[in-house]
Structure formats: C-alpha cells, structure tokens
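The two complexes that follow have chain A in common; it is paired with chain B in the first and with chain C in the second.
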Partner chain A sequence: MTNQYRLVQWNHHKKVYDLLLAGAIVVYLVAFIGVSAILHTGDNAISVLIVLIRAFGTGAIVLLHVVLAIGPLARLSPRFSPLLYNRRHLGVTTFLLGLIHATLVLVFYGGSGGENPVSAVLGANSDFTSVTNFPYTLLGFVALLILFLMAATSHDFWLANLGARFWKWLHMLVYVAYALLVMHVVLGVLQSEKSLLYPILLGAGAITLGGLHVVAGLKEAAKTRAGLDARGEWVDVCAVDELEEKRGKVVCLKSQERVAIFKYDGKLSAISNVCKHQGGPLGEGQIIDGCVTCPWHGYQYLPENGQSPPPYTEKIPTYEVRVEGDRVLLNPKANEPGTPVEPVRDPKASES
Partner chain B sequence: MSGIDLFLAAIGLYAICGVVFALVFVWAGVVRMDPAVGDSPRMVRVLFVPGIAGLWPVMLVKWIRASGGEQS
Partner chain C sequence: MTAGERIYVGYLPMPRGTRKPLLLIVGGLMWAILFASLAIALSQRDPGSAVWGTNLESFEGTLFESPYPVLVTDRGETLMIVRMGKFGGRGEGVGGLDGRRVRAHGRLLTRDGRRLIELADASELDSSVVEDLGPGAAPSERTALSGEILGGEIVDYKCFLGAMKPGDGKAHQACATLCITGGIPPVLVSKNDDGSNHYQLILGANGEPIHEQLTGFIGIPVEVRGNAERWGDLEVIRLTAPVVAVNP
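Up next is the complex of A and B:
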C-alpha cells in the first residue's frame, strides 16, 4: 500500500463519510447562528462576527470530542469501527474550523490601530497568575499550532517517513491540545460570559470522554487477563460455528499478542491482528476480494500468508490453525511475517 | 519588545525557515528520502509542504542521513 501516494485516499465509503461530515457541519453552523439570532435580540444583540466566532469555535471543540471518542467507542464495540475509517479527515476538519475561528477573532479584535493583530489578540490579557485576566488566547493559539502539526502530518507519507513511534507520539499531542482548549474556553468564558452553559457542556464532554477512555481501557485489560494460555501448546479457541463467513475472530493470547482467525471459502487461516499501517484491528475487518481488509484505512493482506497483494509489500505474522472435531485450535507461536501457512479445511463446509 | 512579540517573532522566523526549506526539500530532497514520492503524482508534494515547514529540523536531519546513506 506504500508504493505510491495519492492526494486523498478517497473511495466510495470515504466520499459518503466526508459528505455526511460536511453536511453535519453546515447543519451545526446554521443551527448555532439561528439559535443565537433568536436568543440575542434587542439590548442583548451581539455582532454577527461574534456569533460566527462562537459558531466555528464551538464547532471545532464538538468535533474534537467526536475525534477523541471514536477510539474508545470502537474498542468497546465493533459497530463503531467504521467511524475509525476516516478519522484523519475529522482531525483535519477540526483544525480548519479552529483556523476560521482564530482568523475571525483576529479580524474582530485585532483590526484597529497599527498594531500587529496577532500580538494585539495574544497580548490583550497578560497575567498568568490571575483567573480573570489570564492570557487564554495564548492557550487557544498553542492548541491550534498542535492541531496544525497533526493535520499537516496526517498523510500516509508522514507515517512512513517519521516512523510509527514518533508519528504516534506526535499525534498523542491531541490530548495536550484538548486540555489547552478546555482551559481556553473555561478561562475565556469566565472573563466574558455570564451564562454557565459553555462550562457545563464542556464539563459534561470532558467527563464523557474520560469515562469512555477508562471503560475501554478496563475492557482491554480484562480481555488480556482472560487471554488464552499460550505456553507452546495449541490453544482451544472456539467452536467452528462461532466463526462467521468472511469475518474475523480476535483471540487474545496470554503473551498479550492478538491473533485474528478468519473463515472464508470453506477454509480457516490465522494472522496477526495488528495492521502494519497504524496497528488497526484486522480481526474486526472483513475479507474483501479474497483479502483481509483493515477496518481503519483499508490495507489488505492475504489470509494464507499475511502478505499484502502485489505490488504492495507489507507483511504480518501468520499462525497455524487446525480443527479437531468442531473445535478450532491455534498454535500460539507466531511465524515470521509473510510466512505462507496452508489454510485448514472447514469440516462443516466439506459436509455441505 | 514584549514577551508576546518575542514569542511571535521566534515562531515567525521558524515558519519562514520552514517554508523555504520545505520548498527546496519537496523539489530536491524528498525523493531521495522516500522513493515512493517519485512514483506519485507531483501534486501530492504540495500536500507535504505544511508538514515539512512545521517539522523542518526533523526533515533536515532525515535528508542529511538519506544523503549520507546514498554515498556510503
């Protein structure tokens, strides 16, 4: 999947996903502006620019919550995995909404006099020891720089050239950006807004996100603890009937390795559950065109040898499986990435 | 000059160096570092410019390493 780069990795599903995303953003902005127009009339009226600043700012924060919720939701239930498919476009869109918010702020608050508008906005408050005069715009600015770096390095080129570890570390900074934005809103609102609506909604969002991450983490830990024993012996995985055609079943070994077992065309094969691209859960994908297809970004692997179909060159470890009676057994010793393993026949398929 | 102005000047300088480096790098260095870029549509390189400008010290080190590797 890495012999050529494309501008945007669009396919039919991703185009639908992006159209839905664009539609949802337009609906959100229109609804926000409409409700603001109703609430702020007469003496209460506020400038159109301020409404737009709030609409784009809150839109960016809402989207950031969605981005951060998708990971744990997908770990809690495979039903949410399709949302992972195009998470990077959500991230880039979050940055763009934040950028529009910041630009409008510069136009509205930094436009007068000969002063540099950026320094006028960032320098308006300068007391780091005060809650009511804290330079909260600086927090938003640093968060925007982080979101920029993440959006700018979201293409596959960056994963390939920065290396998975550095790239992941860089993209974990999204949590720092989130914390900065929470403080940006809380301190900003404390200085200018009487309504408690924003802090309350933000608190609810933070508690929901924190809760989702904790529950998903506990579930993962429980899965690992309950992992099948793998001390060199074949391990009993499940009944053949428990495997769905062209779908995977993820098996967690005591060694913490995860293996994906697939049933397809009357055969069974097992490969590592970890996608070479960004570690996506292959066992939650499907077999499409004869290949195990990662649910995250669509990398493909042949189930019988763990290799991406030519001209691609990715390889992942394979495992041996066998069937005894109606039970599926797995040899927990991983083969070298790309090692061919003869698939076993599904006895039920040969009977029918 | 206030602290904020110094901060902005430092970021501005970093960004200018980054943009200049990025333009040179996508034209002259990126294929050496990642041959897959050579087989890709040229427009793809435009997409890499903001990231290279943001991470230019990292990319500079990678470029030097890639050039060194080619000579040895």
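Up next is the complex of A and C:
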C-alpha cells in the first residue's frame, strides 16, 4: 500500500461542478422558503426558523439521493461518470446541510430552556417500542455522525492512509445513514405532517435508488456470468480488429478480477481492470499521454507495467498477452502489481 | 461520445461529445431538485392562526398563583402567565401576589380567542413587571363537566398559542417537553365536532401541576382519563390515571 496520494487539483471542472452544486442548493432553498412564505402568510405564517429547519433537512435528504444515484448510474452509462468526478463535494455538502438542520433544531427547539439543548433534543423520549413515540432524533443524530465521519475521511489522503478496504467499508455506511434518515423522517415529522405526498416521495426515492442499484448490480453480475473460462493457460479473448486504437476492452473472466486490454501505437498490453483509487473500470478508460486513464477520476497507469507515472506510486497487476493469427490471447494469471510485461506487437500495425 | 473521441477526464478540457449529454443530465437534475423543493414545501400543513404580539401591553386583574399563575380580568377572562424563553410564570415578581389585584406587563400570544401573557423582561420597564394594586376578586366558580376519557395531544400553552408555528406535533416534541418541564402549562388539545380546537389544562388528581409526569407523552396522540371541570372560562382535566400513548 502506498502512502502517497494525489493532491486535489483545483481545476476548471471542479469549479464548475461546485458552482452548479451551490446553484442547485440555492435553487432548492429559495424555492422552499419562497413557497412557504407565499402559501402561509399573516397569522398563519410558519415560524421562519422552522421553515429553515425543514428546508435544510429536506435539502440534505434530496442531495443524499443524488449522491447515492451517481454510483449505479455511472456503472450503467459512461455519460454519468463526469458526475463522479467530484462526488466527494456532494457528500460533504450533504453533511453540511444536515449539520445546519441539526444546529437550528438545537438552538430553536432545544434552546432557551432550563436544560442543555443536546439532551433536551435527544432525550425528549426514549420509548423504543413505540411507533408514534420513537426517539427519532437519535436516528438523525447517528446519521449525521456517519455523514461527518465520511465527510472527514473523504479526501484521498484518508483513502491512502486508512487502506482501500477499510475506507470502502467505512463509506458503505452511507447506506446505513440513508436508512436511518428515512426512519428519522417517518418516525419523526411524518407523525404529524399528514400530506400523502411525503410518504410517496420517500417511497419513490427509495424505489429509484434500490432499482438503480439492482439493475447496475445485475448488469455486472451478468457480465461476470458470461465471463470466459480462465482455467486454461491462455484464453482466447477477441479478434485484434475488435480493439480500438487507444481504447480498452474489458475482459471478464470467471471467478477472477477483470482484465483491461489496450491497443496503442501498434502494441497490445493488459493490466487489471480495477483502478487502485476507487475501483473504476480501467478498460472503459483510454490511453492519454501514453497512460491508461481511469474514466472515473483520471488516475493513470503505464500499460506496460501497471505503474502510475512518477511522482505517483500506485501499482496494479499486469497480464501477458499474445497474438495468434488475428486472435488476441490472454494469460489469465495475474502478475504481481507493477510487474513490467513486454507489450506484443499488433501484426496488422506492422503490415501497414 | 463518438468513436475516436477522448473520454471525459476531469482535469482535461471537456470533449465535445461529452458536453451535450452532460448538459441534459445536469439540467434534468436541476429540474428534479426544484420539483422536490416545490413539492415538499407545498405540502406543509397549515400551522393554524396564532399571533405572538410584539407590543408591550399592561393587563389588570386578580392574580392566582396555583396551580399555574393566571391573571383573571374583570370581564372574567383567564390569561395564563409565562415568562420569556421556555419558563412558566411562577417565581420572581409573581410569588406572594396570590389573590391580589395586579397590573402585569408583557406581550400577548393569541389563538382561537385564547390569550396568554408573556411577562416583560424587567429591563424593559421602569416599574416592576407585576405591580401590586391591592386586594383582588374571589376565584372563578368551579363546576364539574362530563367526559372521562379524552383523546388529543399534549402541547405547551405558550408555543401552541403562537410562540412556535407549528407549536404542536412530533417535530416540536423536544421543545414542548422543555417548555412544560420549565413550568409552562400543559394543555390537552383535542378536536371539537366542528373541527375547532378544544383546550383543557392538565392537572393532577388534586388539581396540582404534574408536568414532570408528562414527559414522553408530549407532542403525540394520547389518551387521558380524568375529571373535567370548568374554572371560569378555563377547562381543566384532573387526571385519575397515567396518560397513555396511542399507537396506530
């Protein structure tokens, strides 16, 4: 494992991404506050702080849906992968919206009394067996803690230092946070807000997210099932012509990691399909400046040795390839990460 | 993305073919976010018509300290007395004035024709917040009412009369609990046949304050058992059994 990580480059796309994100949040909040103010006026006005509590709380949940949808969408179509590029900021923003919601609750509902606001808000009841009286504030609190943990460790520094496995496990907790938040709403505010639209929206959100994950998962599973039998020493992968110049091909092998084969400058090389960063599909990437470039966040690897170009130190497994006639053959046995493998010549390229 | 074109890489200029679908996706997302905001905001329930006055006013009448401080005007209207923040009216300024005619200074909270005085902060006044004017009138007459089992929601009188809007419901539970344990009168709000609110001050079997025992039953549907009584223009219920939460 490496202790190096890539500095977050503050580039044009990230700026545009963040601007759009800020714009979306402004649109959400302004529409929410505006509608609340126009619809409930005079003596029937909703307290301003309560409108804000609701706007930030619901905004966080809406954004969390977007965060959770991007992963499966990017697996289903590369058109969505630009959204992955800066997803970290979406997650951090979700946490911040939730934090503002919780702070307003502490000040407004928990403050100005004879008790510490935190215990007032978290301790108003403790009937875990009741639906109407479930201590729903605890659910929101735990979800916020999880979002905090994820926001705090979202930087690649932590990915590198905590180790990819632990980091991934930690970030899977986002699904726990999502479930807790759904229950926070159902056992909390929906006990008194009776509009049918709320359960419908929550249900639609859950079904959409669940559906996307299932469809993306099934698609991946189908690819794995259709994978090539990797028991022999060499596996016939495809015709040389099927490979596009500077493009990759993902080779699915039965019960093994996938392999990415690339054709470039009259040569063929094969490396692992799994990006060291967050497991992005390298075979769906491209050779740019002589390096295999991950379609998710742009990590790069040299095709002939699976190593990131200096100063980076990531290494992924390499594979041997052979060309027989017009067929490409792959040795399914992975080499140690970073092992140099002499690229094979593309016979067609040498002819022309 | 067309064949031969570069894929999208965040730190490189965006390829032409990526731009259009991405614009569509981002545009769609923006619309979805706007739709969610409008739909959620439009479906909020009406918090009810209640007013928290901003002007300092003076009220005259007879002060009764127990079970919760009230001021009964010459017209027989009972005005509950509470303090700023989440605190009831008992204590400083009010103590020792039981049965006396007083002038109290504060702000009005009003809902459904019911009024409550939030005592002014002493620093806002030249005189004392509650001035003693001499001997007061006798307490209002008390009569028994029918009705033993009642369903409704326990709220704190101050928030429900306009300090918070909405001042009821589960989201407001922590606040109402804080108010009630702080001495603000707990009130059972139920619905009359015509849909209007019915208010009953909740007391113990002997007419004593029991706010400590209500924690855990505030801001949710409950059932209470007790003897209903009318004290002047105020309805109270003296509980004869513990409150129970109503689950679906």
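The rule we apply is simple: the second predicted complex is superposed on the first by the 314 of 352 C-alpha atoms of A that agree within 3 Å, B and C clash if a C-alpha of one lies under 4 Å from a C-alpha of the other, contacts with A are read in each partner's own complex, and residues count from 1 in each chain.
The rule we apply is simple: a contact is a pair of C-beta atoms (placed from the backbone, for glycine too) under 8 Å apart; a residue touches a chain by one contact, two chains touch by 3 or more.
Computed from a predicted structure; not experimentally measured.
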item: Contact breadth on chain A, by residue count: chain C or chain B; value: C
item: A:126 touches, of chain B and chain C: first, second, both or neither?; value: both
item: A:28 touches, of chain B and chain C: first, second, both or neither?; value: second
item: Partner chain in contact with A:285 - chain B first, chain C second, else both or neither; value: second
item: Touched partner set for A:158, first chain B, second chain C, both or neither; value: first
item: Partner chain(s) touched by A:149 [first = chain B, second = chain C, both, neither]; value: first
item: Footprint overlap on chain A, comparing chain B with chain C; value: 126
item: Residues on chain A engaged by chain C in the complex (per definition of touch); value: 9, 11, 13-14, 20, 23-24, 27-29, 31-36, 39-40, 42-47, 50, 53-55, 58-59, 62, 66, 78-83, 85-86, 105, 108-110, 112-115, 120-121, 124-127, 130-133, 136-137, 187-189, 191-195, 197-198, 201, 244, 284-286, 288, 293, 295, 297-298
item: Partner chain B, residues of chain A touching it in the complex; value: 2-7, 116, 118-119, 122-123, 126, 138, 145, 148-149, 151-153, 155, 157-158, 160-162
item: Residue numbers on chain B that touch chain A, as the complex places them; value: 2-5, 7-8, 11, 33-34, 36-37, 39-41, 43-44, 47-48, 50-51, 53-55, 58, 62
item: Sites on chain C touched by chain A in the complex; value: 1, 3-4, 6-12, 14, 18, 21-22, 25-26, 29-30, 33-34, 36-51, 84-87, 164-166, 168-175, 177-179, 181-182, 215-221, 245-248
